[in-house]
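Before we start, here is the structure in question, set down as structure tokens.
Lettered A, B, C, D and E in written order, each chain numbered from 1.
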Amino acid sequence: MDLATALGLGIGLVIVMVVMIMDGGSPMELFAHPSAILLIFGGSIAATTITTSLETVKSLPKVIASAFSVLKMDAYASVELLVTLAEKARKDGLLSLEEESKKIEDEFLQKGLMMVVDGLDPVQIRSVMETNIEQVRAQRRVGYSFFNTAGGFAPTFGIIGTVMGLISVLKQLDNPSMLAKSIAAAFLATLWGLLSANLLYLPLGGKLKAKSDEESHIRYMQMEGLLAIQAGENPRIVRDKLSSYLPPRPAQKAAAGTEVKAQTAPNESEG
Amino acid sequence: MDLATALGLGIGLVIVMVVMIMDGGSPMELFAHPSAILLIFGGSIAATTITTSLETVKSLPKVIASAFSVLKMDAYASVELLVTLAEKARKDGLLSLEEESKKIEDEFLQKGLMMVVDGLDPVQIRSVMETNIEQVRAQRRVGYSFFNTAGGFAPTFGIIGTVMGLISVLKQLDNPSMLAKSIAAAFLATLWGLLSANLLYLPLGGKLKAKSDEESHIRYMQMEGLLAIQAGENPRIVRDKLSSYLPPRPAQKAAAGTEVKAQTAPNESEG
Amino acid sequence: MDLATALGLGIGLVIVMVVMIMDGGSPMELFAHPSAILLIFGGSIAATTITTSLETVKSLPKVIASAFSVLKMDAYASVELLVTLAEKARKDGLLSLEEESKKIEDEFLQKGLMMVVDGLDPVQIRSVMETNIEQVRAQRRVGYSFFNTAGGFAPTFGIIGTVMGLISVLKQLDNPSMLAKSIAAAFLATLWGLLSANLLYLPLGGKLKAKSDEESHIRYMQMEGLLAIQAGENPRIVRDKLSSYLPPRPAQKAAAGTEVKAQTAPNESEG
Amino acid sequence: MDLATALGLGIGLVIVMVVMIMDGGSPMELFAHPSAILLIFGGSIAATTITTSLETVKSLPKVIASAFSVLKMDAYASVELLVTLAEKARKDGLLSLEEESKKIEDEFLQKGLMMVVDGLDPVQIRSVMETNIEQVRAQRRVGYSFFNTAGGFAPTFGIIGTVMGLISVLKQLDNPSMLAKSIAAAFLATLWGLLSANLLYLPLGGKLKAKSDEESHIRYMQMEGLLAIQAGENPRIVRDKLSSYLPPRPAQKAAAGTEVKAQTAPNESEG
Amino acid sequence: MDLATALGLGIGLVIVMVVMIMDGGSPMELFAHPSAILLIFGGSIAATTITTSLETVKSLPKVIASAFSVLKMDAYASVELLVTLAEKARKDGLLSLEEESKKIEDEFLQKGLMMVVDGLDPVQIRSVMETNIEQVRAQRRVGYSFFNTAGGFAPTFGIIGTVMGLISVLKQLDNPSMLAKSIAAAFLATLWGLLSANLLYLPLGGKLKAKSDEESHIRYMQMEGLLAIQAGENPRIVRDKLSSYLPPRPAQKAAAGTEVKAQTAPNESEG
């Protein structure tokens, strides 16, 4: 569970409701005119759908879920695993890693290690792994771009809704009792446009991009580790090299480090 | 048929009409003042035409059509074809591919394969193919930039129309019965400016850019494949290399893969 | 004559006038308050002048003229010329091109060919020619940036004019008959700011940038051609290489190709 | 104490208060409607929290403190230290620097010098140190991005607050005595949104980015210095090289230079 | 004296005043409410100061002065000097340039020539000179960024001032005679915010950036010249190479070229 996403969204919604009550209103008023909600969410998602594919739209529930869950990769456990592999490679030779590779659950690391064991040219391995990392990053970008694009469309659909509302208001000028209520309804569209963009679309897009950047960063670190193992580098140097990719491990986490269940076979990661 | 484009546009328009009815109006009101429509579409297209050439304007119907149709290139079939060619090259030599090249319908792949068969320098082949990919991408950019530029101009022409309307309103202050109707008419220009930009121009521009990016991506993959064949690389490595350019093939598609009619001669693609 | 520029600007102006008449006004009203026109054009040009030099301001008439005329360089004729030179170089040696170079009217091509004939180091030739292309592009950028910058300032000066107008309106609140007219006059400044930016400055800036990009693109193609000639490459490869820089020649143009008067000596261009 | 941050913020707040008094009001009015303050700060921080992690939120007090304190690194003292080390390395050999490295308090410099003494490959040292610099820079970016993102959200939450306020105003149209006060309260949200973004979030983000850029710049200079020492370069060249990274030292500072307590062992820095 | 800066600023201010008079007002009204001026200039400079250092604020008068004066470097005279040096180096050897270097007043050129005479490695010379050029450019950027940042803050402080004014207006609704005057005063803040950004901050920032870019461009040309001299290149090639960095010299300037007092010793520059 990614607490920042859940807390930020929850607290943001609570604040909006509290402010509505402090202003002498009720949060229920937000839902008084369903046409505003329909226009803002329908319009922004329809417009964004045009820019992408139905596959992307279908994958959105999974993408949204990933914004609320923590990244499965543990960078610090990866360093431990790679240093252990470097030690084993030094002691028993590169070929001894074939057996180890079968225990690795992470497909990217496993395929990379297999290429190392197979003795492929390092330039080739780097090229294949980089293309793979960038391919995954491009796929992630399709996902979070949906939210950023929708966050760009939503406020405009809010203004569209308000202008549409104002136009219909101007036809009722002879009915002053309805006038104020209609103007308020018109502004509701602007409100939904701004709220959906600023509490939902843009923050989710930002979180998903941050997660994707972190993921690529760890992947590049893993790639450098595998190439260092292939080059037969000293395990101490491998640790130095990989650690330079990461912020110093926070104290409490480091202490609990040996019990961490990582994506790698745990009995290997502390070898 | 690119369903995302058609569905997104259709649903977006339906939502706008439904909201107008929910607001107590009629979608027909959108067309009550043809001057607004003339100004927004005429103005934004005229301004965009200045930035480009008449050739670009003439090619627009074709460009719009391409936003509604699916990309003709099948990336997965390309991988199969290139792996098959790699196998044949390994078995019978590079020259044996000359015959194969005649069966390839895609001009880019065919010309590339011919250069490989002719034994040109790989650096030269890469340079010619890259220039060609970038040239096609630049041509595509001229197309989708038209929509992005028009999408930038349209809301401003909406505001121009509204300001023009308000100025003419202010001359009729002594006729209150006309006043409200004229103000509503003035706002209609803003509405058309925002709607045309956000449901038409910008989403179409986004879709066309996404298609062009996907096309270049596949072209680069094909280029790497041809160069790997020329270098005499192991077909298994060629497959690994090319697969790293693509997301894992979705299950149902993969199952139907052998029947896919691709841009390549089908009886070769499963060789 | 660049028809896109002329037609776009002309049609855009006609549409604005037609819309004014449809709205029940007259295009002459645009000129009712010369102070708005003075502020928008004077202000945006004065502010832009600060960011640049008097030389740039003096060169503007020439720069504007170039937006209305077609690019003098014919890319397809250049390819023909360079292929002819490659053939001659293969047959009679590089030195035989000295005579040809005198017939070339385009200074860039002539100087480049002279460096090839003089046998300079290819790395040096590339460096000198690239610096030259980038230098011309930087000069062009100074020109079109003027329009883009002015297009950024103009709407703001429009708002400045409207705010100034509204402030003076507020002093006349006791004279209601003048009020509406004054407010209309105030909005005129916004109108001129938006119209000048969106029909004049920004489209012209966009066109000039597109022309400059096309020019550099052709120059880079010519440079690659000259370097290929120096390297003694096969004329067929030279043609392939240069063609990859250009979109496929449109049919009717290709048919008339041999009669085109290009910037090169015509009796040489079909060799 | 970073005087620019403190003075800028202090003077900015004083000016806002003075202007409020000059306008015939009182600075206390800013706090008349706590709902505006709650919405702007709560909303912008909640939305920004979604884009990041709870670790980042927890580190904010430290990040804010760093915007008010001066950078601990003294670039000029670093140059002196590195030149001294280069002289010692020339005289007594690289291994003689091991002892020196223990006196260096700055961890980055110390670890770098240890790698030099250990005789690692320069390409490896550069790679590890660059990765480390970029890792620290990425960490800093997470910090200052929080403020830039919050500065982007705050004005929109201001508008959200104003729209919410106006909607509740429109329900009270029958109570004119409350009307004006409610509209004023609604605008207060816009005011807080703009003030918090323009006096707090964006300036702090800008300052933190400038500090991070300066820090990386000095780190790169230190890295080049260590690599020059390893390459056994002439101390005079080392000084020239490192000085080209820095603006000419201001006179008064240069005079006091020998007494500066830097992050390096002072008795070594003037060797 | 940089005429474009002075004329642009002067004409811009005159136009604003003329328009105010044409609108039936007086330029003095701009200064009717000092609180607006205090808020806009005080606020934007205070906010910008937070993002930078007190050293930058102290250097502003000098930075502003440089926007009004012409660049001291004469690029054409530099070419002449470097060609003369190339000729002397060819005739009398590189060491003969030591004497020449003492006559050069420009520190950058002198230090560069000394490195050439000392026989340093060209890669080293390039690295030191590039770092130096980029360091100067970074220093210039700190200066012109101040104006661009202030130009970004000023309109927002204008809106802050207007909102503050409107809030205080709403408290005086029972005093209609004051109302209009107060609203006008509130809009004055927007006016000052827009005017200061669009006639002062942003144009000055643009001019300073253009000057800095030109300066770096000439510095890179000088660096290439010195490296060509060290490589013992033909003076004619050196002239070709350096000329490709510059636009063709305007006729009248070229005629007067030999009398130009450049930053180099004049008796050498025509050698």
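Quick note on the criterion: a contact is a pair of C-beta atoms (placed from the backbone, for glycine too) under 8 Å apart; a residue touches a chain by one contact, two chains touch by 3 or more.
Keep in mind it's a predicted model, so treat the numbers as computed, not measured.
A.B. asks: Need the graph distance between chain A and chain C over the touch network, please.
C.D. replies: The distance in steps between these two chains is 2.
A.B. asks: Considering chain C as a copy of chain E, what rotation angle in degrees (nearest 5) results from a C-alpha superposition of the former onto the latter?
C.D. replies: The two chains, chain C and chain E, differ by a rotation of 70 degrees.
A.B. asks: Can you work out the whole-Å distance between the CA centroids of chain A and chain E?
C.D. replies: The answer is 42 Å.
A.B. asks: So, what's the distance in Å between the C-alpha centres of chain C and chain B?
C.D. replies: 26
A.B. asks: What is the sequence of chains around the ring when one begins at chain B and proceeds first to chain C?
C.D. replies: Read from chain B toward chain C, the cyclic arrangement is B, C, E, D, A.
A.B. asks: Sort out for me which residues of chain A touch chain B in the complex.
C.D. replies: Listed in rising order, the residues are 34-35, 38-39, 42-43, 46-54, 56-57, 115, 120, 124, 127-129, 131-132, 135, 138-139, 149, 153, 156-157, 159-161, 163-168, 170-171, 173, 185.
A.B. asks: Provide the residue numbers of chain A that touch chain D in the complex, in ascending order.
C.D. replies: Touching chain D from chain A are residues 2-5, 7-9, 11-12, 15-16, 18-20, 22-25, 29, 155, 180-181, 183-184, 187-188, 190-191, 194-195, 197-199, 202-204, 206-207, 210, 217, 237, 240-241, 244-247, 250.
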